[in-house]
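There are two complexes below, and they share subunit A, which is joined by subunit B in the first and by subunit C in the second.
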Partner chain A sequence: MNKKRVCTLVDVLVIVLLFALIAFADTKLNSFDILAKILQKGAVFALIAVSMNLLNGFTGLFSLGQAGFMLLGAYTYAIFTIPTTEDRLAVYKYYTMTMADGTETGGLVQFALPVAAAILLAGLVAAVFAFFIGLPVLRLKSDYLAIATLGFAEILRAICQWKGLGVLTNGSNQLRKYPYFKSILPYFLISGVCIAIIALLIRSTYGRAFKAIRDDEVAAEAMGINLTKHKMIAFVTSSFFAGVGGALFAMYQNTIQAKPFTTTLTYEILLIVVIGGIGSISGSVIASFLYIACSEWWLRFLDADGVIPGVTRNGFRLVVFSAVIMIIVLFFRRGIMGDKELSTYRLLGGLTPKKKKEVSGK
Partner chain B sequence: MSKNLLHVENVTMQFGGVVAVNNLTLDVCEGEIVSLIGPNGAVKTTAFNVVTGVYEPTNGLVSFDGKTIIESFPRGKMKKAYAGENRGMYTHRIVRTPDKITKLGIARTFQNIRLFKSMTVFENVLVAMHMRKKSNLFTATFMLNYKEERAMRAEVEHLLSEVGLLDVRDELATSLPYGMQRRLEIARALATKPTLLLLDEPAAGMNPQETDELTAFIRYIRDKFGVTIFMIEHHMNLVMDISDRIYVIDFGKLIAHGTPEEIQNNEVVIKAYLGGSDDV
Partner chain C sequence: MNITLDHILAGISAGGQYALIAIGYTMVYGILRLINFAHGDVFMVAGLIMVYISASSLPIYVSIPIVLLGTVLLGFLIERAAYKPLRSAPRMSVMISAIGVSYLLQNLALYITGGLPKPYPAIPWISDSITIFGATTKRVTVITPVVVIGLVVVLVLLIQKTKIGMAMRAVSKDFETSQLMGIKINSVISVTFIIGSFLAAVGSLLYFSSYQSVIPTSGALPGLKAFVAAVFGGIGSIPGAVVGAFIIGICENLIKASTEMSIFSDAFTFALLIVVLLVKPTGLFGEKVIDKV
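Up next is the complex of A and B:
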């Protein structure tokens, strides 16, 4: 027990050290550096992947609506933080409104929230939508649930691009000029806090109920666990954090538009979850950084002409990347971490030979 | 006779045109061990599923501890298709999901063991504590309920020691030998603090020695936890040994009920199920 406690302390220290390292990196890297961008995007995707893992990995609900909730978060954040009237006029130039006194203003929202409040609101909006989508959708199981959530995500995207809501969403045009973090640390801090909350939720009594539902719905219900209620809690919580992740994603991108929030984005996140290990938070986080680094950076050199003469050309990295993913999915089916968590205790335990299992069948 | 705990009245369960459970009426009194026997396909498990809220009966009523917990009458398509008896006798519709039934104090085990595969023995039982928690999502997440959590864990530890599973508390539930998995499933059901425990073929797939242990174990938990036991079982030795009363059903219909002696000498039962008295 005591050894476990020491190991947990080491874990915490390592995490603090990592954050210190990020803070240090902030002073060295400028915000256009590829490493800075990778770290920012990695942190954002880590949060979204963990939120998806809460649903798919821990509660056993195969949902593919994550891109939709990200979109809600991203739009909520962008809409409510464009700082000045001039900025709004520039952004909503096709959707100006004429006020009573004859002045022209852009868009419907004529105020700006503080960044922190807007991020929270982004999560809340996603959560509220999740609640109402969840009412009909959570009655479905496995593939049907996946299809239904996928459909809702696509509908949300289509609605955001609709001209009729232009005064709010700017139609299919970009939202921009909202505040965003230039340094890396804020992304890590927000993402880190959110992931920590999800981790705490999973190790609480509610988390155990989620896992029970994942393992055996019938038995879970027979143990007095209200399926509807607990599935809804998981769905809404997951969507809340996907919304917060969406807000961070909007910041990372500087401009936001409904177009990238397609099913492909959901699949990308699903891929991260699968590579990291379904049912492992640390797995999702590690996989997120690896995935982003691989897809955006490490394989870049393959895009140059002539690395392998006649073969490599612009876009070739995607071919290699797909092959790498196929290999991972074929040979590491349980992902990097399986359903285990990375911790000092486990690392040390892995080094010493395991005690032989003895089960007395008395 | 002591207080009537579970009362199943005229329950009919019809799937499409098939009347599975036909007008079943039975009672289980406090402190008893009652068995439900019958040949394969006699829909014993379906009867359990009606009592635990998995299926809504087509017609009939179930009451528990003097309170009606489930009541239904033919509705919708069944209005026309209903082929059972006592049409029009029940006019209310009371349905409860299995978790609500469990909260009322009816716990159950399953014919094919349904343990939580990814969890240890300890966690399996700990899950059953969830339904009585006082903490909410917020306090549970931020560990403000640490007192309750500690109490839960202590309670589970106590329960495990009482059923003799404390040695294996950190083993994966599915890595246990079969007999212990059965015992764990019963322990998990007991953790919901039931007054009535439904056991669905607890001795299925057990060898004679394991069956004997189970017989002793069922008696032990009845006395120790003060639960009433209602079980489905095929092992006649076990059934005749521990049952206070036995209900026999065949093709969804009650064909006999009485004490073990009465059942063993009942012509109808011998013909339908036991198949010759030397078998018993």
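Up next is the complex of A and C:
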């Protein structure tokens, strides 16, 4: 066995160990423990950040529609999993329907899918929408693409709040009473599997085509890469996983509403991607846990009165936090990982002296 | 649907306010090819400055210049701190930096206001109620289009007749060549941001006078709408931005008139954006851009 293989084996072992640790943590932590909440949210955001990185970092499509696809996933999951008729009646109390036999029911959907099927459906709905949005939008370039996808996300949000669809989306009221995971492990498992699939996609021929498009569209087209097809694949895949991420986010939150899925949410995910390094999967994963831990936990003390008298009060945490982000954006543009991946091979490679690269032909 | 003169008046007024913000977007985009996502937040900060200045009971002829100056200074500093270091970086980095500034300004505003909506002070004369053709409204509604058209005329003269205006036109045509011709692009860009922020400050005086309170996110949506107006009119074109803004302002208020569809008043703007981008990406008055490899 060569060195590279051993290192890959170590990587796999580390990941398995990590999951074992999470399973162990589940037995020790309450579901409302701050650490448990952060691990859950971190896992959800890791998946969404990686899905955004697939577009922005690997395919070079600057899309700002992630919140919209999360919204679709979250709503699909919540709508199709509210378990009993009584629960549906309680949730859709403003949008009841009278059936043919005269009984009142809440909402349009009168059945509940198993959780796994609903998560898959959440991804599929987001993917189907992405396909139809992508048809016109993917012809646009860089900042126009960004603003158009952002526009679509806002339109989706308005549609979800529309009274006309109230029997399905409950208007601007909350959807709740759907099943969710209390422990941490399921979030990690689903998120982990999805991220692994994205990683495999990026290592496949498709992934290489994505990177070629990112580096130079004209050259990629000249090499025989079908631009429209590959951009669409990247867009639909990314949206599928954003939809799955949205479903997980709905579970994490216990209740869901269209209101929080604003552009600010997309911006936050984009900033996670930037902090982790545009074009690095492991970077996005690390950054999302760091980001969530900092914003929800580690910097909390800045919100307390009197840490620095007269300065620290509610909201100061976010000011410090966004100032740090600005510093990263301006001075450490490569983020934590740049476009590299974290692996044992690279870690060891960093320790042994590197051969100097020869600079040929100045 | 119940369309009244109220809605049309409100639409014209909103359109004028969007126009003042849209000019800032269109000028910056014309020169830097950057969607300045922070522009809407600069507009919001201008509103907050007015709130805090008026609390110190200064006379109105002192506080308004302070608001204008403060906003201009903010716009100038943002450009220097967040965009200038990235001048040679890829466009995506600059856009991310703009998003970062927007996030920072919103959080700063959240910290300072404590998350409470701040009531906007009534500016004498401007905020008075008047009645025209049987519709009661604030005087600001009537003043807005006049102010906008006046400022646009001055701005167009500035761009067409003065030396700095000529420099701006040159930089927006070709960044590098104008640099070679001895134009100090950094000062041209600074002037662009100063003009944009000044107009945003005027816009905020008019806008918040008709909406009563300022919250940290109250710049985000007008900002995006103004950007759509700029794209609709043809990005880089000042008259285009103004026409686009008036159309968006009026349409939006007509949609608001119907209670059934009012939730779509914001979505309409984005739908319009997508249609424009697909049908005529250069907008109403935009110049044709030829892609060079």
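Here is the rule we go by: the second predicted complex is superposed on the first by the 356 of 362 C-alpha atoms of A that agree within 3 Å, B and C clash if a C-alpha of one lies under 4 Å from a C-alpha of the other, contacts with A are read in each partner's own complex, and residues count from 1 in each chain.
The rule is simple: a residue touches a chain if its C-beta (ideal position, glycine included) is under 8 Å from a C-beta of that chain, and two chains touch if they have at least 3 such contacts.
Given the structure is predicted, the values throughout are model-derived calculations rather than measurements.
S.K.: Could you tell me if A:Asn226 is touching subunit B, subunit C, both of them or neither one (first, second, both, neither)?
M.R.: First partner only.
S.K.: In the superposed arrangement, does A:Val218 touch subunit B (first), subunit C (second), both or neither?
M.R.: In the superposed model, A:Val218 contacts both subunit B and subunit C.
S.K.: What is the contact status of A:Ile197 with respect to subunit B (first) and subunit C (second): first, second, both, or neither?
M.R.: The first partner, subunit B, only.
S.K.: Check the residue A:Asp339 against both partner chains and state whether it touches subunit B (first), subunit C (second), both, or neither.
M.R.: The first partner, subunit B, only.
S.K.: Count the residues of subunit A touched by subunit B and by subunit C, then name the partner with the higher count.
M.R.: Subunit A has more residues touched by C than by the other partner.
S.K.: With both complexes superposed on chain A, which partner does A:Thr205 reach: first (subunit B), second (subunit C), both or neither?
M.R.: Touch status of A:Thr205: first partner only.
S.K.: Using the touch definition from the top, say if A:Phe181 reaches subunit B (first), subunit C (second), both or neither.
M.R.: So A:Phe181 meets neither subunit B nor subunit C here.
S.K.: Which residues of subunit A are in contact with subunit B in one complex and with subunit C in the other?
M.R.: 218
S.K.: Note which residues of subunit A are touching subunit B in the complex, please.
M.R.: Against subunit B, the touching part of subunit A is residues 197, 200-201, 204-206, 208-209, 211-212, 214-216, 218-228, 233, 279, 339, 357, 359-362.
S.K.: Spell out the part of subunit B that touches subunit A in their complex, as residue ranges.
M.R.: That would be residues 52, 54, 97-99, 102-103, 107-108, 110, 114-119, 123, 126-133, 135, 137, 140-143, 145, 149, 152, 164, 167-168, 171, 175-177, 179-180, 188-189, 192 of subunit B.
S.K.: Enumerate the contact residues on subunit C facing subunit A in the complex.
M.R.: Contact set of subunit C toward subunit A: 33-35, 81-82, 85-86, 89, 91-93, 95-97, 99-104, 106-108, 110-111, 114-115, 217, 220, 224, 227-228, 231, 260, 263-264, 266-267, 269-271, 273-274, 277-278, 281, 293.
S.K.: Would you tell me which residues of subunit A are touching subunit C in their complex?
M.R.: Where subunit A meets subunit C, its residues are 56, 62, 136-137, 139-140, 142-144, 146-148, 150-152, 154-155, 157-159, 161-164, 172, 218, 263-264, 267-268, 270-271, 274, 278, 313-316, 318-319, 321-323, 325-326, 329-330, 333.
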